[in-house]
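As structure tokens, here come the structures.
Below, subunit A partners subunit B and then partners subunit C, in two separate complexes.
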Partner chain A sequence: MEGVSLRGVSKRWRHTVGLRDLTIDIDPSQFVVLYGPRGSGKSVFCRLLVGVDRPSQGTIVMNGADVTHLAPIQRGVAYVPQTFALYPQFSVYDNIAYPLAIQGEKKAEIRGRVDQIALTLGITDILAKRPDQLSGGQKQRVAIAKGLVLNRRVYVLDDPLVGLDYKIRERLVEELRNLQESLDALFVYATSDPLEPLLLADHVVVLDQGRLVDQGPPADLYFTPNHVRTATLGYPAANVIAGRINQDQDRWRVLTPVCDIPIEVTAEVASDQEVLVAVRAEQFLLQEGPSGAAGSFDATVELEEDIGSERIVHLRANGQDLQAGFSDHKTALELGQTVRVATKTSAMRIFDQLSGRCVAVGAPGIEG
Partner chain B sequence: MNDDGMPRPRHMRQGLSLKAFAWMLIIPVLAFFAIWNVVPFLWLLGLSFYRYYPTFGQPPKFLGLGNYISLMNDPNVWERIGTTFLFMVSAVGIETGLGLVLGFVFWSRRALWGRRLALTLLFSPMVLAPVAAGTFFRLIYDPLYGVVPYYIHMLFGVPKPNLLGNSHTAMWAVLATDVWMWTPFMTMMTIAALGAIPKSVLEAASVDRLKFWQRVRYVMWPYGKFILLLGVILRTIDAFKTYGLISAMTAGGPGNATDVLSITLYREGFVSFDMGTGSALALFTLFIAVAFTSVYLYFLKNRESEAVS
Partner chain C sequence: MIPATLDPSPAEKPPANPPAVKGSRFKERVKDLSVWVIAAVFFLPELWIFLSAFKTPQQILAVPPRWIFRPTLQGLTAMAHEGAFWTYVFNSFFITFTAVFVAVGISFLAAYGLSRYRFRGGDFLMFVLLSIRMVPGSASVLPLFLMYTALGWTNTYAGIIAFDVMFSIPFAIWILKGYLDGVSPRFDESAQVDGFSRWRTMFRIILPQILPGIVAAFIFNMIFVWNESLFNAILGGNTVQTIPVALQSGLNTINGINWQYIASLSFVYTVPLMATIYFFQKYLLVGMTFGTVRGEI
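On to the complex of A and B.
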């Protein structure tokens, strides 16, 4: 089978756990983004794929061959590590060219490929410099170039854009996407940035505390997250409101400080169970006139943030801070003004507070 | 209290200027340095221009550069320097070689069974006093009761050799002891030097498929060279002035087979009580030691300038 499979892979050290019993099949020739906060196991995942670390348990299969115990040399995976690793004695050019030279590529071929990748990453003017003469951002781009210049079937990039300035990031995101398409290889890309998965991925894998908690195409995850961690994707991240399940005969509801939400239960839940409700900013609507419909509430405008195409209104409702899009409502709001907010309850997702798993979805209110 | 309402430091409250306070802090160290370093050094420098035997009861006689001239013209002194260099170069060379091999083994095999115990045992000779180790080994080499001569006798069927009593073997027997004592130091420096390599670069090298010697040359050497060279230079300076070990084992003999500069120096000064010649020789030795130290400082300076650029 083409692609990469992990079967029950765990990575433990004496006092910490990196990955817990992770099983996943990754198709070849796609852009996979590993998304999760610091310490969620993204880097561990990358290092196990590359082979610089070995799993404590489980097997890793790559293009049909069991590579669990193979050294990096034998796997043929290109790698851009999180901490950029350059050879201190070499010029930037030689740093990028050396792995190619080791593979026995011809000089002219090497020159062409290095120049090409340098152009892509905007480091043509520093090719003659040595790593200790570079800024942090330049080193990072050289490290990316060094990883991408190799001709491999699998590329592993461990948070390569972190800390780069906004403009370069924006351009590199696009270049990485193009590069993946033209190479037609598998890219595994780890990030904690909430936007990069949506911009880059064909398939997003969400990790939390060493567990795989959610995966799927970015659009699916954005609108129907199966784990509360997935709800942090995008900007602004979904509002997460703590609440409590309430059962009234056949009708289930979540009681939150903001409003009560009718729900349809999709997993086993108990009354009084503590849950988290995720609501996307764009699911809040400004409501004209009074109405006591489900999911509507009064809130105070705290701050209005205008980011050009969009606007984010910071609200406060019964002690809970919320961010709303109000995309349908273009008129300016006054600070301190009280507004009536309606919510598309059917688009809400309800997660168990402890496991973070989706246990219920919002039921349509009396919306229309 | 001053203008901004902050309390002043105590020394300022007591009317001491900052400069005076700073001097107050360094003076004890300076005084110590002057009494124990500068004065004896000047005394030594002065003595080296005189003929002076404290045991003869005659006043010192000024010779000018006489002591130095007779030292330079003395073929024995050059022979001693030759012996010293032979000892120093062989000791440092063998210790560095063995230290590198052992250091590599201990560094690359973290999971080696009994690694910690082996390291502890390996480092134990280093903490012994050289005189104690020398005395030890004199017993080990003893032609009648010694372990080494016994095994040589058993293995090669030759009569038990008197290793320290033979001018052909004495130097190598002493050298072997020095190697036993100081290889652990070079092992430690090797482990430290390898530990200075960023893990990420080593990993990159393995992903980039660098061969072992390529890793040594492009990854390990650039990052590890300073610590390793520091070890070599420290060991060189130390081997150059080895005294305790040789004094306890052969005291320079048999004949002058192991007569290194420090032994000669001791004999001139405290056996013959020829203070003038001893002092001149000491200054000469110091001069060579300073030369090594400046090599070390040169490397250290290079390191700093590299780090800055």
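On to the complex of A and C.
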């Protein structure tokens, strides 16, 4: 089978666990983004894939071959590590060219490839410098160039854009996307940035505490997250409200400090079970007229940010901070003003507080 | 741990802030001068020996000491014509450089292993290593002599060099491991991914980054081996004598102490060591890895 498979892979050290029993099949020739907070196991995943660490348990299969115990160079994986190390005694050019030279590429070929990747990353003018003469961002781009210059079937990039300034990030995101398409290779890209998965990925894998908790195309994950961690994708992140399940005969509801929400249960739940409700900012609507419908509530306006395409309004309802996104700019809002807000309850997702898994979805209330 | 070993040379330090108050410039001068005066007291014996190398025996013993005199090469030429002198010089150079070179080479491999492969008891092993140097020489010289005699190693270059290597390794490993621990293992990983062999990683990637450590290990062990006289005198016998041993025997001649000989020999003995250290000093201060690993220093 083409692509990469992990079968029951765990990584443990004496006192910590990096990955817990992870099984996944990754198709070739796509852009896969590993998403999760710090310590969720993204880097461990990358390092196991590259081969700089070996799993404590399980097997790693690449293009049909078991590579679990192969050295990195035998796996044919290009790698941009999170804590990269540029060789200080070599020039930038040699840093990028050295791996190619070891493979026995011809000098002219190396020159061409290095120049090409340097152009893409905007580091042509620093090729003659030494790493200690570079700024942090330049070093980072050299490290990316060093990984991408190799012709491989699999590229592993461990949070390569973190800390770079906004403009370079924006450009590199586009370049990486193009590069993946033109190379037609598998990119595995780890990030804790909530926007990068949506911008880059064909397929997003969400990790939490060393477990795979959710995966799928970015649009699916954005609108129908299967885990509370997935709800942090995008900007602003989904509002997460703590609540409690309530059963009234055969009607299920979630009671929250903000409002009561009718739900359709999709997994086994019990009355009084503690849950988290995720609501996307754009699922709030300003409501005029009578109230009382399911999912509507009063809130005060705390802060308003206009980011051009939409307005993000910070609301406070019964002690709960919420962020709402309104695409219309017509209705004027004043700070401290009380507004009536309705929600598309059918778009809500309800997660078990302990496991984080989706246990119910919102039932239709009023629809805007 | 990166040992700050020799003092940084004054040229490398940022210039002191210009004095704000008028007249404090004079104070600064006085301070500078007094530092040199105090330092001079400590360097006086060395200066006395150096000057004596260019004096006649009468001038050497003159009281009060004569600071201004017409220098003569009499002592140095007399010494150069003595056949044994060149043997001492050769022995000192040959034994020192061979022993230190071999010791630093072995220590680099050992320190790399100790730094990169963590194992239970590794720290204890490091301590045990250094404990070799904690045993006083006078306590170990006799057992060693007996061993050497049994093995037939006395009076041989190989025997003396083997001893100096053995005695240099612990300290060299300590110095080098400190430097190697300062080189992030990310470099090893990077090299591994780039397809370097382990040897190539060690010598092409890691070694250039710890050159200051190599120089430090080299200098400290050179000072030690160059000055080592007790074991050399007893294990080396007559044939493999180095300069310090010759100096000791020069003290006990029938006609009293030959000060001119001692001064000349001391001069010739000290200069190569000082020259080497002076030349290599700047390498001790160079650190070039700073900031090339993200998230680490």
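Operating definition for what follows: the second predicted complex is superposed on the first by the 363 of 368 C-alpha atoms of A that agree within 3 Å, B and C clash if a C-alpha of one lies under 4 Å from a C-alpha of the other, contacts with A are read in each partner's own complex, and residues count from 1 in each chain.
Criterion: contacts are C-beta pairs under 8 Å (C-beta built on N, C-alpha and C of every residue); 3 or more make two chains touch, one makes a residue touch a chain.
As the structure is a prediction and not an experimental result, all values here were calculated from the model.
On the superposed subunit A, the positions of subunit B and subunit C overlap enough to count as a clash.
Of the two partner chains, subunit B and subunit C are each touched by A:V50.
After overlaying the two complexes on the shared chain, residue contacts for A:I73 are found with subunit B and with subunit C alike. By the touch criterion defined above, A:Y235 lies against neither subunit B nor subunit C after alignment on the C-alpha atoms of chain A.
Judged by the touch definition given at the top, the superposed model places A:P131 against subunit C, while subunit B stays out of reach.
Using the contact criterion defined above for the overlaid structures, shared-chain residue A:Y87 touches subunit B and also reaches subunit C. In the superposition on chain A, A:Q140 makes contact with subunit C only, not with subunit B. Common to the subunit B and subunit C interfaces on subunit A are residues 50-52, 71-73, 77, 79, 81-89, 98-99, 102-103, 132. Residues 50-52, 71-73, 77-79, 81-90, 98-99, 102-103, 132-133, 146 of subunit A are the ones that touch subunit B when the two sit in their complex.
Within the complex, the subunit B residues that touch subunit A are 198, 200-201, 203-211, 214, 218-219, 222-223, 306-307, 309. Remark: subunit A residues 50-52, 71-73, 77, 79, 81-89, 98-99, 102-103, 131-132, 136, 139-140, 143 touch subunit C in the complex. Residues 184, 186-187, 189-190, 192-196, 205, 208-209, 288-296 of subunit C touch subunit A in their complex.
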